[in-house]
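A short worksheet on the structure shown next.
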């Protein structure tokens, strides 16, 4: 049904209560074929790269559940994403809890098919290693800039005597594989005790712009946004949001909490501050429901997906219109 | 797709892990049209009839979530339901949290459409009042027998000065409306302190067979099964399972717990004991997730749905075969 | 005992430990007759207007429980409310979980009796619809100004096809019924995604002063207080505090959380900032214990009741003294 | 008001919902003067004798909360306690969390006053040491028999180098002080690993009848009841129920759980089996809400209080009638 | 210190409270060298074989925590294990959360060192795959018999398209590798829906004695014990206890719960029933703390370790005495 | 082993996963002899001074558990504490849950032994009364200055009719006993309702510098640090951190929460701001795990221990070097 489905719409909470119905992302219809969508909401239920407390494999389901609290129009920007782009729930990427290698291959293949269809991915993790196969799928031909929200740089080299693929290493691997331009990578909120004084040396040597939480508080949100925009510039940019960048009171349901982060309101403002950038995809990762049975972390995570989805929808619409002028930042 | 969908199959946990994918009942496909199904699994996310602790409106979603732990073949009876009948998830019945009357009408209409299509309903509540509109939809032309598992008789007359529709009154209303033959109604597990010595008088006067929990323990499971079979006999029979019939340790997530009930294993045995009866539908109600965030009650509830679904599937297959002989009880 | 009870006092935690004794609001004595009180603390255990996650019916009991942590003197203002006014726990307003209409009538009657006795109400909800019958009871003869703390404007028109009475509509109804002067209504903290771009049109057309959370953060607490005081002016004013105005980390136990709100400390400062206004009553609503079994939300809610109670007590004392000069704002 | 209050009645859940109102035991009125009551329900919010996990000081409040689920007539015996005796909530005994000695004195004084008024006590602990001052108050002139449900014998001598008053020692102290006749003391459910092989020697030397959980299962409930009746005989008898006698799945909220106990249904049957004994008081202790935020343990505890209260009420009524014949056991 | 440490003793709860001190298994001293011990308590904090809900990697730590509730003498058998054998906490086996193969190798090496020292292992999992490397370490030269408590046979072949090492396959692998004699393998409590009717075919073909939960209830505990003893006979026997064999109310903290199992008391009786067998080691696996934050599952698991440890200690002592007569079964 | 153990090092999370191994503070080795250490991490598992909600006795164990998330180098100051000082886990101080007096004596004796060995204590409570015996042990010969983070002044005189030793009185006792110079005592974050207007009179009369939370927010973190440094000056200074000084969202697991405190990030900044002071010991108290089963409060508490430990380590190293110049504040 290409006609009616061109702009799929979520069920309304004024007609069917929000706690009713099968839980899909944002109460949108389910799709099998990415070609029917401009933006695909996808779960990646996998935490095989987790070296500490597991559970992020359960993230997509709880995020779908809490997403049914979302409505249709952004209350600040006025963006109505479902009128700008064909957005739907594409289900979960296939994974294998018994194999890292197999999972990385399956996830990459899923997102590669999506990418070939010209669809923009917005993923819900899973642990942070899932960002790597997504980047492999969408950044083969051009290096991407990345706005990376996190408490950890995730640029460690190896764990446990040489193991290269964990949720602590994806950004190092992505840079080594030429998927990310490190000078267009900005990391916001880095903190937490270190294994050694040299932990951040590699990151700095690559030219990554690391904004520690201390610098974050010193600069203030507006200047952090400006700096992030400066770093990624006009080129194609991916947004990766690890919920442990937030203070743990806003995201207790995560595997490696570090006290002293930003608030969810500040995170909302930062994502809104990315308006008008050439955004090509994104993810929200490390929501681990077993450590937050109340669902508060998932609610926060999926609200940040909503914020990012609004930006992506506007960008998709802008690309469609040839002579469109650049949207103003709020 | 009438061909491939004739016997819909759940996703296998050996291929896609159970925590992956959008949570539908038993990981079955979603359907809009009841005519495509022999047995429809339906949620009724409504607790407007609850006079005590609310939350059963959230039951269907958590039961769908936990149902993804189910597999395909019953380990005792050997019944493989998905090879016997077309079974799928038909979504949730429409409800209105702001109106009892409107909700009763909406639920009845939903199940009436299903009934007209010849589809057998298996519902997940919701509070126990949802059984009333289901019975209105499927028992208009013939009175049904009912096997009713519960701690409470649910045959009170009115609450709060004359209010007739609450989760404490559905079986009284259903008898008054001629939907249930009270002499073919057996209630198993009744207990809990009473408002007055006359609370059970009406039930006894109607000829309802009330098996209190004390009689239950005195008889033992096998004789309770035999008695239930004797009461409902060969006529069309509905099964209604209120999870508060179970001991609260097996179902803490419910609104009106009463200590001292049966175990989930005993409940399984009792449902298996209904094999071969002329079953025409059923429900599992009063799962209230806010009182059991771990999901144990929902797991129990949905496993009992699985048990009942196996019985219904065999019955559907039996009706299809003209000269089929009655299946033996295990 | 009019003599000794004239200024009822709470049990002291230095004599009887706070976890001991029957839990009444602030450990105050229980009263049946409002005429014995200047300020009545009242529970309204009802959530029949809730369109989303229920549970606020359990709010008053948990708030009473957590209120036993309160002491006697305000640590900033120095107000000692129990020396200024006769304050007591008047129990719960009668409600009917099976009927919205009946509940609205019962609640109104309860507060009308209280109002006729000249007693100032301070209510603990219950969902936000309970504010409507309270206003009906106390604002019949004069329109009130309202300081309204909330994430939602609660001025939607109807739900589920025409249903006018839900926790999303009380302020629209109250304005339509002439209970509130919309130009003296200020709403603080409004946010969350919208059903449509026109959601706020009616509110703006009425002249309601809506301070979104974004404007709130831009202005800062002090200027928000000044603006709120300007809007309500010298006229009689009611204060309604929906705990979902707070960031969900401060009030996870609520039915419709929206990330990105104010902190409980900021809420304290805002209530203190109302000092000297002509306050005639208030409520704290939407505390939903099933979503916060630890009681943190109830502790926050009841501490805000304490803050408001101090203001009300000073106001009551001021009215008693004919030539009293207006108390200074801190 | 001796007239109307002679037989106080609880609020009905059919008129005011059970979650409404200030939580007193069984929704009964509050009393200050024991002389107005035949049976006083009393909380003892104290856990100063706890050597392991604390929290039982919070027991009475949560038990009051859950008691509002109780109704008026026992569904098996038909006993309607509120028509047989004047029963009310007498509040909490005074305690001192900073002193064992002072607490023992305060609790004893409270129950002594109650005893002098001829009122039968039914207490909600608190840890098990609270049984000692209750016995001091009511057993000074005559040794009592005791039916003692517990996982532990609580007859250890000292802890931590000579400390004699802990929740592991009350029955030893009570025997030493001549409050209990050890040959009329039966302990049911004893289990758990021991400090040494001699742990039970003292108990056996005193002639205490210890029914270990292994013997309990071997005998079966009916023979355990018969044995308990044989041990306590016709003399005045106290019933002390430590909820850790139950299997921890029925009572997770307790300080010293031992796996492998009886069920709550079996406990109900055992209390019912005490019908007709010369019961002079009782307690339910060691409900520790911090270890069971859901309240299931408190619900179980207070339902057992209800069971015991029915027995006590019948006994009170029997004493009132001069030529009353002994009630039959069910 | 070979002298004083020959029979290490736990800290006493009568001297240092049980909640004090660093949590080791049973409050025993920590050891580095297995040669100092007859029986080594070992954690295996790994769940890399888990195909469903993870978290068993956290099991050992919570089991150590709850083990501090244990005392010194078994209350039924009178066994005082610390007087019979040198028992201590040997810490955790090394694992690699990022690699199944590496983990299997590390775990095997750890237990091989222990085995070479002549020390009997008693392990706390971890998921059930950890049993495989333990068996590889101790069963190279002789096939073992196994008493296997579980809801699942764990003899599936592969998952996710050929992956052979998961927590659903260890017993198949162990039989294929010649570590277990399948005719001396008894599985108790098997249940739960199946992937296909042939799921159990391989097991039956191997001669495994599968006692389903239905047969278990039909036989009763005593005859199940007798049957288990018959199957394993006089040969060397390992005991593997997956806590999901228990009913989920006794072990909610596990990854793959199946309703309708045995009770913890029955499990205790079954382990006691193994007295006198030639026990050579054991494990308790699949305790998953994130799904049971209260620790009840860990308490159950570690109490079963205590039961098993008593049996192992008696066996160790028996081997030490040349002409020892076989201990009687209780 | 004085050689290798001179600078004990924690197990690395890159080698052994953090959830593995026996949980000691910071994964450091266990020690019996304080002489082997410059800084001893010690638990004090005692809450006998708690007048309100108990549970802090469980604090040390959960703090040890969460401490395994810590690494080795401070990410802001670059301090690598394990290269500066011999730091280890000295186990728990002995306590007696059945006696305040005995516990105070045991704790003092433990820390006195530590003090005689020249070791700096860093303690994890326990309730706030444990600070008193620590000060008795280390401040006999010289009055200390104290930086005291708390919501409460803890300078009340008596409770419950004359009882002088509770967690509300340690700083009054310490001043009376000459352990603290009140003019070098600064209290940060004081708030919460008062028993009477005179509650703070004694504190002010002694010359204590009380920074209420209102003044705290008015001054801002930097000026609060400056003021704290001014108050304690160059003399020997102890740091006592009661986690209820934090806003309850950062520390829900505590006995006497007061809404409206500082954030954990602000607390980190304040402790870092103490750099270079003559620090002689410290504690983090009132972590009560039963009120925060998720462990978030313990994570916060132990991260603050880490912050304080870095300061202490630098101070220890400075004392060792004769002509060392004062470290700069960051």
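To keep things simple, chains are lettered A, B, C, D, E and F as they appear, and every chain counts its residues starting from 1.
We take it that contacts are C-beta pairs under 8 Å (C-beta built on N, C-alpha and C of every residue); 3 or more make two chains touch, one makes a residue touch a chain.
Because the structure is a prediction, the values reported are computed rather than measured.
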TODO: Quick one: point me to the chain whose Cα centre is farthest from that of chain C.
DONE: E
Task: Whole-Å gap separating chain C and chain F, where each centre is the average of the chain's CA atoms - done: 39
Task: Junction residues of chain D - those touching two or more other chains - done: 17, 19, 51-53, 57-58, 96-97, 159-161, 249, 291, 294
Task: Full enumeration of touching chain pairs - done: A-B, A-C, A-E, A-F, B-C, B-D, B-E, C-D, C-F, D-E, D-F, E-F
Task: chain D to chain B touching residues, read off their complex - done: 12-15, 17-19, 69-76, 78, 80, 249-250, 263-265, 268, 294, 296, 299-300, 303, 306
Open item on the list: Can you tell me which positions in chain B touch chain A when the two form their complex?
Closed with: 16-17, 19-24, 30, 43, 45, 57-58, 60-61, 64-65, 89, 91-92, 94-97, 293-294
Task: Contact set on chain E toward chain A in their complex - done: 47-55, 57-58, 96-100, 102, 159-161, 163, 165-166, 290-291
Open item on the list: Taking the touch rule as given, give the residues of chain A at its contact with chain F in the complex, in rising order.
Closed with: 51-53, 156, 159-161, 190-197, 199, 212-214, 217, 247-249, 252, 256-257, 259-261, 291-292
